[in-house]
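So, here come the structures, one by one.
Presented sequentially are two complexes of chain A, the first with chain B as partner and the second with chain C.
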Partner chain A sequence: MIATLLAAWAATIPAFAAPFLLATVGLIINERAGVMNLGAEGIMAIAAVVSVLISLDGGGVGVALLGGVAAGLVLTAVFAVLAVLLRVDQVLAGLVTFALGIGISGYVGDGYDNQTIPGLSALPTSLFGWMPKTLAGVLDQDVLTYVAFGIAVLVWYIIEHTDLGLRLRAVGEDAPAADAAGVNVALYRLGAVLAGGVLCAVAGAHLSLVGSHLWVDGMVAGRGWIAVAMVTLARWNALRAIAAALLFGAIQALVPQLLSSGLNVPVYFIEMSPYLATLAYLLLAGMFANGADAQPVDLGRPYLREERR
Partner chain B sequence: MGKLIVSPRLAAPPRLAAFTMLGGLGAGMLISAIFLLTQGLGLSDLASQFLGYTFTDPAGLDQTLTRAIPLTLVGLSVAVCLRVKFWNIGVEGQLWAGALAATTVPLYHIGPEPVHLWIMALAAMLGGGAWCGVCALARLKLRANEVVTTLLMNYVAYMLAQQLLYGAWRNPEDSFPVSRAFSPDETLALLGFGHVHAGIFFALAAALFCWWLCSLSRVGYMARAVAANPLAARAVGVPAAAVVLLMATLGGALSGLAGFTIVCGEEHKLTQFIGNDYIFPSIVIAYLARTSPLGVVVAAVAVAALYTAGDSLKAFYQLPGATVLTIQAILLLCVCCGEFLLRYRMDWVKTVKVRA
Partner chain C sequence: MTAVRLSGIEKSFGSRPALLGANFVLEWGEVHALLGENGAGKSTLMNVLAGFYTADAGTLAVDGAPARFETPAAAAEAGIGMVHQHFKLVGPLSVLENIRLACAKRAGWKTKAEALAAMQTLGAELGFHLNPQARVDEMAVSDQQKLEIMKVLLAGARILILDEPTAVLTEEEAKAALGLVRTLARGGRAVVLITHKLRDVLGFSDRVSVMRAGRTVIDAAPAAGMTAASLSEAMVGTAPQGEIAPRTAHRLKPDMLRVMKLSAPASAHGVALREIDLDVKGGEIFGLAGIGGNGQAELVEALIGIRQLSGGDILFDGVDAPPTPEGRREAGLRYIPADRMGMGLFGELPLAVNIALPRLLGEKAERKWLVRKGWMNQLARAAIADYEVAGAAPDLPVRLLSGGNAQKLMLAREFAGEMSVLIAHSPTRGLDIRAVQAVQARLRAAAEAGVAVLLISEDLDEIMELSDRVAVMSHGRISPAEPVAQVDRARIGRLMLELH
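And then the complex of A and B:
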């Protein structure tokens, strides 16, 4: 009984973890370039709703995904203009983006609530027939979930091991120095913000295309905010983001299992645990980091050559 | 050909400050109005909903003022924290913490019955203050980003409240996930105008206190120094860390007090959804008021009126509930853009060709 429960739980974890992972990796790209985007929740919402609308209109999964990403990109562009070009405080710009995304998604999705779409289903089970059952359950996911984990590795490689990543990190750690070395700070930040926004949008599309197969107002349910916190848990590293996403995904996947099992457990305390773990991790990192914490030094500082420190 | 040069202004002329603010607000309202007109509302509908109903109709005014009470307190909370450049995006968590702390007083019979209400207010301030103070301490001692910590503390408080409401505090009579009702001694008196309750005095007193603190007191003066340049402030002997801790704790206490006014003034018990949707309005209010405590009162009433109008638009014109959030976002967006013109000057510089 326990074994089947565990197997069922394990099989649902990757699909729960993937949206967290995509959004967190997107935000890591942003933050390594020195830009904190609190608008992830809004970007995810707009992508989720547009994907559903296109699907309801008869579009295929690919078209729906592209449409969702395009919508998320437009909203991200608003943030980019505010935060990078107009140098509005990034917290403020992010919150505006969040509210715009949630507000507009509520508008365009109005009247399309709870209409199911075909969405994206898991790969055919026959592919995994030769494996042990539990492993097959875990590996039998949809394509987008696989893409999510692939993107995390790819982004990690680009940030940590390529020249492009080096310049990106330079912009985030010391914008004046990067500028002096000939890196176009505004251009790199714009690129990072837009790339991060694309990943957040894919995360939102994953929620509706893979997760729920429908749109309900408020369905992002704080996942974008969790992604903001998960960046710290991953210590700004896309590979560690996989572990962080699996942790949050595992807890989120556990809750429905517990509820359906009828066991009398404090569900909300269990749901609270990843938040507490992130807080504890943040505090412990501060206690033991000896001044070498992972947060990009120029995070949240708008840069203008005329204002150099 | 030429080149656009953006450079920061050393000092912003006051007339320009007023102009960009009004211009931003005006542009925001214009865009919002056009947006609503495209949704099938007429101009006269707009005027009657936004100006008529919210301020002159007794039912509308009642709703506006009642909602303005917690909005003023959370707006003050963000504003006070912003005075020391501390981003408090955890007002919901602090509000929950305050409501939870206040609820413990009647549930566990803490202190003498007749003064329960005052103990509840105090407990709420302590709860909210602790919820935010911890984050300030974490930033000062451990360099933990307060945006992330205050954000996470929202969820901790919310989950804690839900766990209590589904567990130990569940109403014993009907098993609904709400606490048992407070006795009349433990609730804020109604003022004889609809649902408006005595919490309005708490909100106004808090605004006056914050105004005194920020504008007249020594702490407010030091806060300005810390906000302008923490290093320089510390160098001239300002206890920068203590000032940040004090202001952030006060901010949390104000949000906690907002929780107190909701459970004691509106709900008369702890219910499941008291702390929802306060983060963005609190930021909008504090920002539109430019962190001025008295300005917060005005901005809070304006945002409350927006919610009142939103409710009636939802009821009579079937507009989705997202209307209010969208309008707030548009307003803040436009004011932010206006702010850019205030803080930077743009010059078009012609490039001159030099003949070799």
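And then the complex of A and C:
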């Protein structure tokens, strides 16, 4: 009985972890370049709703995904213009992006609530037939979830091991010094913000295409905010983000398991568990000053070359 | 063979001119010292050469061909590299990463291994042994400097500009660095050494140029023919002597501000205070001359109580100074900071709040918890009238005042209440002539009223004009004070450059 429950739980973890992972990795790209984007939640919402609308209109999964990403990218561009080009306070620009995303997604999704779409389903079970059952259950995921984990590894490699990543880190750690070394600070930040926005949008599309197969207003439900906190938990490292995402995915995956198990726990308490986990992490991080040294030095600091300061 | 020729370079920042027709000629194979006081324009001129600033007027030629660099990258392309006083390194990255970041494109490295090999070859040639994996912000300053020099050379520089390379180094490190600089020049490169130190000029340079107030006053003279006296005179100029107005001798109160063996460790890019003794009497202006960045800011912070000491005592009127800044203020200490808007006034807050804030300390607040706007405005109006602050109103944000009027406001605030010791750090810097006179008159009046005034200034003319006694600060030390009448200007200039 317990073993079956655990196996069922484990099999749902990757799909719950993938949106966290995509958004967290996207935000890591942003923050390693020195830009804090608090608009992730809004970008995810826009991408989620647009993907559903395209699916309802008869578009295939690929088209729906691309459409969702494009919509998320447009919203990210608003943030990029504010935060990078106009050097508006990044916290404010992020909150504006968040509010815009939530507002617009609610507006365009109005009337399309709870209409199911085919979405993206897991790979054929037959592919995994030769494996032990539990392992097969964990590995039998959809393509987008696999892509999420692949992207995390790829982003880690690019940031830590290529010249492109080196310049990105330099921009985030010390923009004036990077500028002096001939790195175009605004260009790198712009690129990082847009790339990060794309990943946040994919995360949002994953929620509706893989997770729920429908749109409900408010369905992102704070995952974008949790991703912001997970960047710190992962200490700005995309590989550690995989571990963090699996942890939060596991907690999130507990919710349906607990609800269906018939345990007498208040449902709101169960649904609160991811946020309680975030709170617990932040408390621990505060007590042990975890991650403070890994934070990019110029995070959140707009850069304008001046002749004399 | 001429490497660089700069002629008639002019450059202004806003309405403030920094260069007024400066010239500079650099030959291949030489170490060329560029000497001058702070603000003389040395760094500005070299920043023009290195593409960080563009000149408003004048011509620039490299290897005889006219050039104009809009960006540092364009100057680097022409083989010009500058090592700044404040290093342009990315602290959290490693040595090798910093080198790749700065040079990979220009040197054409494809892989990390290529970069590592190039770095190690140059390191062996120069005798540097830096760990390529070390995090830069955990290395000693002298190693960071070596890294900067390597970066510039690996990027292909043949013309090297070093901005005060010895300022951050110990004596031994400085000698090693200067020796290296000579080696580089003998190898066919051209090196500019921006410096304040006579040792760098007389011991390690082939030729020397001196700048004063935006102009070149000694243009590429052989260093061999120079003496400490001729250089320091060129640097600080000759002022009309004997114009020092005899101050009315008033009663001096000894020991109003006494500092004994005061020491404090250096912070990043800072200077350590080394056993400073100071005795400022009530009723005198004590002038502390010296080139900025030699510990003045640290001394001021120690005196007002915001810097941790490693030893020594500060006494006000014979008793130990209170430990906190508030306590010292209540004991009669007042402070006019060099950076008015940073350490002094709240630019975004209205004038009335700026004036009223210090009076909320201690028991002086008119009521215990509430602050009446009328009371603040009344204080502000009185200050505006007394100190002739032009263009002011009680509800005006202070940042909208001009420099001179903001400084008058600063004085009005600091002079209020019982003042016994006044520290004035560059109180007239950046002010127009009328504001300068007003501020100086207030300082004199304070001294005449019995206040012990410590005037810290980089402007030697001002020190000589206002002070009763003069000392020089250099490298975190202070020379013995002398009565102003006995002071020899040239000797002060030498002390500013040499004191160790």
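Please note the rule applied: the second predicted complex is superposed on the first by the 277 of 309 C-alpha atoms of A that agree within 3 Å, B and C clash if a C-alpha of one lies under 4 Å from a C-alpha of the other, contacts with A are read in each partner's own complex, and residues count from 1 in each chain.
Everything below uses one rule, namely that contacts are C-beta pairs under 8 Å (C-beta built on N, C-alpha and C of every residue); 3 or more make two chains touch, one makes a residue touch a chain.
Because the structure is predicted, anything quoted here is derived from the model rather than measured.
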{"item": "Contacts of A:D163 with chain B and chain C, given as first, second, both or neither", "value": "second"}
{"item": "Which of chain B and chain C A:E173 touches, first, second, both or neither", "value": "second"}
{"item": "Partner chain in contact with A:A244 - chain B first, chain C second, else both or neither", "value": "neither"}
{"item": "First, second, both or neither for A:V297, with chain B first and chain C second", "value": "second"}
{"item": "Which superposed partner A:A205 touches (first chain B, second chain C, both, neither)", "value": "neither"}
{"item": "Superposed model, chain A: greater residue contact from chain B or chain C", "value": "B"}
{"item": "Which superposed partner A:G182 touches (first chain B, second chain C, both, neither)", "value": "second"}
{"item": "Shared chain A surface residues [contacts with chain B and with chain C]", "value": "307"}
{"item": "Touch list for chain B against partner chain A, complex", "value": "5-8, 87, 89, 138, 141-145, 147-149, 151-153, 155-156, 159-160, 162-163, 166-167, 279-280, 283, 287, 320-323, 325-330, 332-333, 336-337, 339-340, 343-344"}
{"item": "Residues of chain A touching chain B in the complex", "value": "36, 38, 78, 82, 86-88, 91-93, 95-96, 98-100, 102-107, 110, 217, 222, 225, 228-229, 232, 266-269, 271-272, 275-276, 278-279, 282-283, 285-287, 293, 295, 299, 304, 306-307"}
{"item": "Residue ranges of chain C in contact with chain A within the complex", "value": "13, 52-53, 72-73, 76, 84, 88-93, 97-98, 100-102, 104-105"}
{"item": "Chain A - residues contacting chain C, complex", "value": "163, 166-167, 169-170, 173-174, 176-178, 180-183, 296-297, 307-308"}
